[in-house]
Amino acid sequence: MHERYINEEIKYIWSDDSKLHSWLETELAVIVARENLGQIPKDTANNIILDLKDNPICLEKWRELDSALHHDLNAFIEERRRFIRPELQKYFHQGITSYDTEEPAFVRMLRGSAEMVVQEAEYILDTLAYMSDYYRYTPMMARTHGQEAQLQSFGKRCLCWRADMELACGQLDDAANNLRYSKLSGAVGNYGGLDSKAERAALEILELDPFYGATQIMPRVMYQPVANALCNLVCVCNKIALDIRLGARSGRPLYHEPFGKQQMGSSAMPHKKNTILTEQMEGMARMAKGYLLMITSCIETWEERAIEQSCVERVAWPDLFHVAMRVLTVMNKVLSGLVVYPDNMMLEIIESCGCYASNAAKEFLKERAARVGLSVEDCYRIVQLAAFNAQEPCFTAQYIREQPRNDWVTADQQLHELAKVEWRRRDSIENIIAQARLKPSAQLEMSKEAVKSWNEVLRQLFDSETLVAWHKLFDIELLLQGEEALY
Amino acid sequence: MHERYINEEIKYIWSDDSKLHSWLETELAVIVARENLGQIPKDTANNIILDLKDNPICLEKWRELDSALHHDLNAFIEERRRFIRPELQKYFHQGITSYDTEEPAFVRMLRGSAEMVVQEAEYILDTLAYMSDYYRYTPMMARTHGQEAQLQSFGKRCLCWRADMELACGQLDDAANNLRYSKLSGAVGNYGGLDSKAERAALEILELDPFYGATQIMPRVMYQPVANALCNLVCVCNKIALDIRLGARSGRPLYHEPFGKQQMGSSAMPHKKNTILTEQMEGMARMAKGYLLMITSCIETWEERAIEQSCVERVAWPDLFHVAMRVLTVMNKVLSGLVVYPDNMMLEIIESCGCYASNAAKEFLKERAARVGLSVEDCYRIVQLAAFNAQEPCFTAQYIREQPRNDWVTADQQLHELAKVEWRRRDSIENIIAQARLKPSAQLEMSKEAVKSWNEVLRQLFDSETLVAWHKLFDIELLLQGEEALY
Amino acid sequence: MHERYINEEIKYIWSDDSKLHSWLETELAVIVARENLGQIPKDTANNIILDLKDNPICLEKWRELDSALHHDLNAFIEERRRFIRPELQKYFHQGITSYDTEEPAFVRMLRGSAEMVVQEAEYILDTLAYMSDYYRYTPMMARTHGQEAQLQSFGKRCLCWRADMELACGQLDDAANNLRYSKLSGAVGNYGGLDSKAERAALEILELDPFYGATQIMPRVMYQPVANALCNLVCVCNKIALDIRLGARSGRPLYHEPFGKQQMGSSAMPHKKNTILTEQMEGMARMAKGYLLMITSCIETWEERAIEQSCVERVAWPDLFHVAMRVLTVMNKVLSGLVVYPDNMMLEIIESCGCYASNAAKEFLKERAARVGLSVEDCYRIVQLAAFNAQEPCFTAQYIREQPRNDWVTADQQLHELAKVEWRRRDSIENIIAQARLKPSAQLEMSKEAVKSWNEVLRQLFDSETLVAWHKLFDIELLLQGEEALY
Amino acid sequence: MHERYINEEIKYIWSDDSKLHSWLETELAVIVARENLGQIPKDTANNIILDLKDNPICLEKWRELDSALHHDLNAFIEERRRFIRPELQKYFHQGITSYDTEEPAFVRMLRGSAEMVVQEAEYILDTLAYMSDYYRYTPMMARTHGQEAQLQSFGKRCLCWRADMELACGQLDDAANNLRYSKLSGAVGNYGGLDSKAERAALEILELDPFYGATQIMPRVMYQPVANALCNLVCVCNKIALDIRLGARSGRPLYHEPFGKQQMGSSAMPHKKNTILTEQMEGMARMAKGYLLMITSCIETWEERAIEQSCVERVAWPDLFHVAMRVLTVMNKVLSGLVVYPDNMMLEIIESCGCYASNAAKEFLKERAARVGLSVEDCYRIVQLAAFNAQEPCFTAQYIREQPRNDWVTADQQLHELAKVEWRRRDSIENIIAQARLKPSAQLEMSKEAVKSWNEVLRQLFDSETLVAWHKLFDIELLLQGEEALY
């Protein structure tokens, strides 16, 4: 992983230093277990530990041996064994094969890393829980297909983000639950060296359980779901990040990732506040999917094992953990520092021409449709037309839409004319419909006659009592009362 | 591929019917070639063709034989051979192996499909060329990081879309150029059956060249770049689609994919105009990447071949072509029907507080910095501060930002107050700087003193001559004069 | 999915016909639930059901409407609604949005498909359980890195295959357990239409539970683990398939996938028995990974949803299920018809020069090393050298290795000489070591002197008592006694 | 990338140190170019170079600034600018944006890395060319589907490996050819800062050409084919590696990757010679596909750019180059040190029962079929039956196949009986057919009568003249004469 995205603790867990110490723990656990079972002489373990204690693992020596033997585990054994008194040397790595030493170390590296991720993810769950409460009464336009849809509270959006995160966290928990199985069952997994009692005892020391069904190695299908859950966690964070980027678009941002007080947005354009943190998550998600693919492909191997998986696991696992930690750490920073603009959320509602209640409006009409001779589809089309009417541009804008610009002079002229147009609040479907002011629209295939007859029906429909009920439709509290169920 | 996304011509090319006819063409080409070379008796070809002509390939019989033989090519040979006069039967599929028959057919299926894609892509290149001319003088805010950046013309954006497309098209052209090599060199590729003269002659009939270095099959690395180019083409279309979706976000869309006059945007919310066509492209791009992965993994096989690639190629190639054709066809529809709102593009410029020229403004100050005792960084920070000042919210908005909402009553109240705030044009960096009206901002770490001293410098700097030059900076024509180089 | 790999039941589940019926079930469940809760008049449900019963869904009409509305769910509603008596039409799809209808249908399609896969996978678990018992006492060479390693029983290999399968099945079970959540919470997931009581009641009818945290759609991260488990299942099958292909390599196959009595292995070479079934699994695994990637990428969407996932899910989910079913069905066929050659397994042991016990031999020496002045590494190197000695080629072979062949005459000559060499059993490390017959090897860096001194030590070591213990090392029953723990 | 797989030169190219120097080169090129064009005062460039020369880039200072500014390029500019005399500071990074500086550096890093890969790949092409000549007359069994097929020379296999490599190298060459385009066209790519003349002049200094159609950044679709070609190169190497692993399987290896004279194959089993180098390539190929996916996904971005691609490119590009270099370096080592066993290749031919000519045998019969009343299918089935006959096991083996083993005693007994069976050369289809000794086989559905009548036909067919022609079929030189065309 690139320096910039390194998590120091993950880096240490996967370092040679940590790995070799973890290997040593396997070796010693085997010796202790066998001694406890009476399979080797008393005091063997203590004496070996004594001999090794004063001679810390020398990484340089290990690397030197490795390059001669082309076998990192054998190199490790030789590096260690040289410090053990001769008569006890035979007990070191006795009856086990390289991957008996490595597998318990590997699963514990996975476990340690996964635990870090889980903890960091929990901070986000907490932050999102706080946010969903804090913004429970902050209304905003929900958006589907990038388009303003109905109302929701921003708290509710946070709550959905949290629900996604919780699912991904649950997947990681479940998957990590399997990070307690390992094996010491020898070169082909049938206890050619250690017996199964010694395996169980040694693994217990390492806080692991034996898995029955290993070959020389543990089946990689056991660990793959951890990678999958990590990838999903990253993708969920990226989904949240996408929402933040979308909401942060100028001119009227709904929220923005934190921007440092000394930060520079762009080397060229001083006004920029770029969403670089959340954009990075998209990049991280792209990586996570690549690493997941690599790790998934390690399920396949030949017979009792070939070593295709080794280089992949040396790279993809730590890098995927780095990616996950990076994403979670940055997401924590983004969420806890999120700059929220409730005023802009409200402005969107104000300027939405009442469309935020178009569904309610349509249902309102449907409820009364039969009575006034409207079909169910008519009701839909009336509200659709009202919405399109409400969003008709002003005259100048319409002119500009239709007129090509063949030089900069024209463009400039249009721009200035547009700048001079007086600002006006847009019409609302609330009024267009209640006041029977539907107009044909070039965008929709409805005849003048149809529109005219709809207006007549509407006029007839909206007596004063109906009007009261109608205007209630657009009440925020009412529209959002359903959110109660989510809290 | 799902019915919905099928291209009928691609479907036919990859149908059993088409494939078997293509196999037959290989078989006949071999016979003709060998006859021409005098390797088999005169008139063999004509007589075999005669025998087969009146007996069209029976797909049912073929399927029946296949399920007994577990070998689709042998089944085909038996289906055909039964109609050949006995004494000529031995010449049919003589000296060649199954994949001698299949490979020339396969590469021609690829070629036929690729040609369709190239043609469809060219329509898009044409449309985009037209658009980049048509909108050459339509100014808009370019966006980086989702944030308004500098000015550009919409024509220029179209031109960039086109450049991307052209690169991807070029990659497809290059890759498709290799779709003319094949082999008839027998079971392990060393002319155990046909000799190389017969191979060349037969392939020539099929408009193909021999490839020296085949095993039983052609190396899949030869064709993979076609899949890669298809995937890239789809991704480029999706990049354009993303831009369209981003520009189509309500409230003030810059453009919108075409919306049918009878279309319904949502079953619930009649006001919706959803960007379903362009969103689908994201889905298609996700698929394309999956298919690319499948096809890439077929480079690996065992020795002179194993048949892992067969099922993948039956599925992934046609499905990738369907995806590509779908994306291109829909993109053509979207682009040629694109509803463009130049008025909204202009409104964005108008409301950008002059930030569209922040780069020029900064350079302007830098040019004069030494003279008035400003550092280069000061110039940057002055423009940055002016931009942040310009975007400060009004009092009510600021109040709403700071005040939590603990119930719907408060929310409603805030909303109504905000709705009542009179609309005002935002300040501009053009004026803030020229009039030395910088104010400290809570968002940036600058002392009151620094700001004060900057204002003093600015006051001193902006004499009437400087002011003239300064205001020129914000002129659209000038800012966009560089685009000339692109046209 | 290509015709050839279709599972008919999966195909039906994902057909338009099935989907529309499932949509209808959602719609009716909502009406029944609301009626039961008193939200709509009594008898509404019955009457609507009555109206629709006699008018089966017309797919053609639906497609026609869809192509006008560009909205398949709206098209469905119109197709259905036309048969409902006018006064009840408003209750059909009332208060819910398209994806309220679709999501419960979708999750049930997933569930139905997953159940089929689970069942098929269980057959394999049974077959493998049977095989691991049946071959419990059939010894074979285990292989690591493609090289003969130690002994194991073939039953043990089957047991490991089963353990892998069981892990993958467990993952599918766990993931499928989430296929019971859905939502009817409206256009943005906050009960703008139905209230949460109606949601719960309607979902209960469909045997589903509500999920709190949906937007317009269910979060895709919830279902992705099903795809992951399917992919893993396929990869595990491919791992088994790889082992079968590796064991089936001529000249001395250990087992072979079933070969039909009328089957043709190759159109050119009648002697071929190709492993086409197991090779196909590699292709299927390549596809599964592609589909997993597609489905994983659907976790990301915009805000309360965009529709990128729709086309992917229409294609990738059913196709992944087809792939999984195909692989499982074929694997069942392969395993239950597997032709096993225990004689060849034994021949491998016989010809392995005793290397199958090299680990035990090394440990035997290490146990006595200190006594006779050997280092632990010496013990390793002695066994290594003995193994290399045992595998030295005969004189003619050695000659051929060293001599280049510059024409076919020489090659032919060498071949004939080699064919005349009398067959001899290879030497064994059992004897080479016990009889102190180590010889230097050009392949290993050991001095003549070292080898000489080792031989002397060995001569000294192997008294008659030691010899008895030594020869016991090579006893199969003893070597395999550890497998007891696995049964 | 993990330490173990690092290529030092690639590492340097992508280091911060190298990158910052490359950025500096861009900055200086711009200044020089502008001075040459008279856009800035004379001697600006020289003086700036002079000021910077004595103050080497300080990485620590840069990192410090970066963490305050959150912008690595701005941090770089500040780090450099502080050493420039005040009056010239404004010319440094004037009129360009961050990615104007970065893009030319980036493309040159790609180019430098690609050149290294091309060179390393060429060594392999040379080695394979040598091998295909050296082994031109070394016959071996070609294998399809892992099964012995027809004869080929080992030289021919090397030649096919080379052909694959050459295709992949050609793809890299083609793709790398585009690594000469870049841009200095400003924040949104329309020459808001530099004009296009200055761009062209500055790029020329950097040995680059301008690309017209950039936004703030170069379109990533331009570089993606380099990643694709790298991935393909790795996959081709892995295809070769797979062949080597398959050929190296004990008991009778055809070739083996080099094994160090001090190497240890396994910590437990001293006899092992594991194919760890070639297995690693499978792991590397898994990684390459993951990195390709990551890089491909960077084609998509928002509008004039967002920065999703940055972290991906920092990681995936150098890591993919490391993977490619590792694979090529190791493959070079493997191929140039490949231990080849021509004797074992010949033994496979000898023991193949003449099946290596089954195709020729079938064609021989077909040629004479009509004359003796055999159908074309009969000819196929006769050779198939002969091949199956030839491979029938001996009596003891057959007994072992049919008898289950319910304890170790039985297993041991069977093993010992099998060990005692006298070795015999297998029968050959050459003799079985010529001597009309076909026997029914339980594996094939052919009636006794059919077999009997075939034998009769064969007896009749094989007169002495026919026999002479028949035996010639099995001649190696003749069978391999077609390879001439490949050399």
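Here the chain labels run A, B, C and D in written order, and each chain numbers its own residues starting at 1.
The rule we apply is simple: a residue touches a chain if its C-beta (ideal position, glycine included) is under 8 Å from a C-beta of that chain, and two chains touch if they have at least 3 such contacts.
Every value quoted in this text rests on a predicted model; they were computed, and no experiment measured them.
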item	value
Relative to subunit D, chain with the most remote C-alpha centre	A
Whole-Å separation of chain centres (CA-atom averages), subunit A against subunit B	25
Intercentroid distance (Cα basis), subunit C paired with subunit B, Å	34
CA centroid of subunit A to CA centroid of subunit C, Å	28
Touching two or more other chains - residues of subunit A	97, 143-146, 149-150, 186-187, 193, 245-246, 262, 264-266, 268-269, 274-276, 279, 289, 293, 297, 306-307, 359, 480
Contact graph of the chains (line, ring, star, complete, other)	complete
Contact footprint of subunit B on subunit A as seen in their complex	134, 137-139, 143-150, 245-246, 248-251, 259, 261-262, 264-266, 268-276, 279, 293, 340-344, 346-353, 355, 358-359, 361-362, 380-381, 383-384, 387-388, 393, 396-398, 400-401, 404-412, 414-415, 418-419, 423, 429, 443-445, 476-477, 480
Interfacial residue positions of subunit B with respect to subunit C in the complex	1-5, 16, 68-71, 73-74, 77, 93, 96-98, 101, 186-187, 193, 245, 260, 262-269, 274-276, 279-280, 282-284, 286-287, 289-291, 293-294, 297-298, 302, 306-312, 314-316, 318-319
Touching residues (chain side subunit C, partner subunit A) in the complex	78, 81, 86-87, 89-90, 94-95, 97, 142-146, 149-153, 156-157, 159-160, 162-164, 166-168, 171, 174, 185-193, 195-196, 211-216, 219, 221-222, 224-225, 228, 231-232, 235-236, 238-239, 242-243, 246, 285, 289, 292-293, 296-297, 299-307, 359-360, 363, 366-367, 369-370, 375-377, 479-483, 485-486
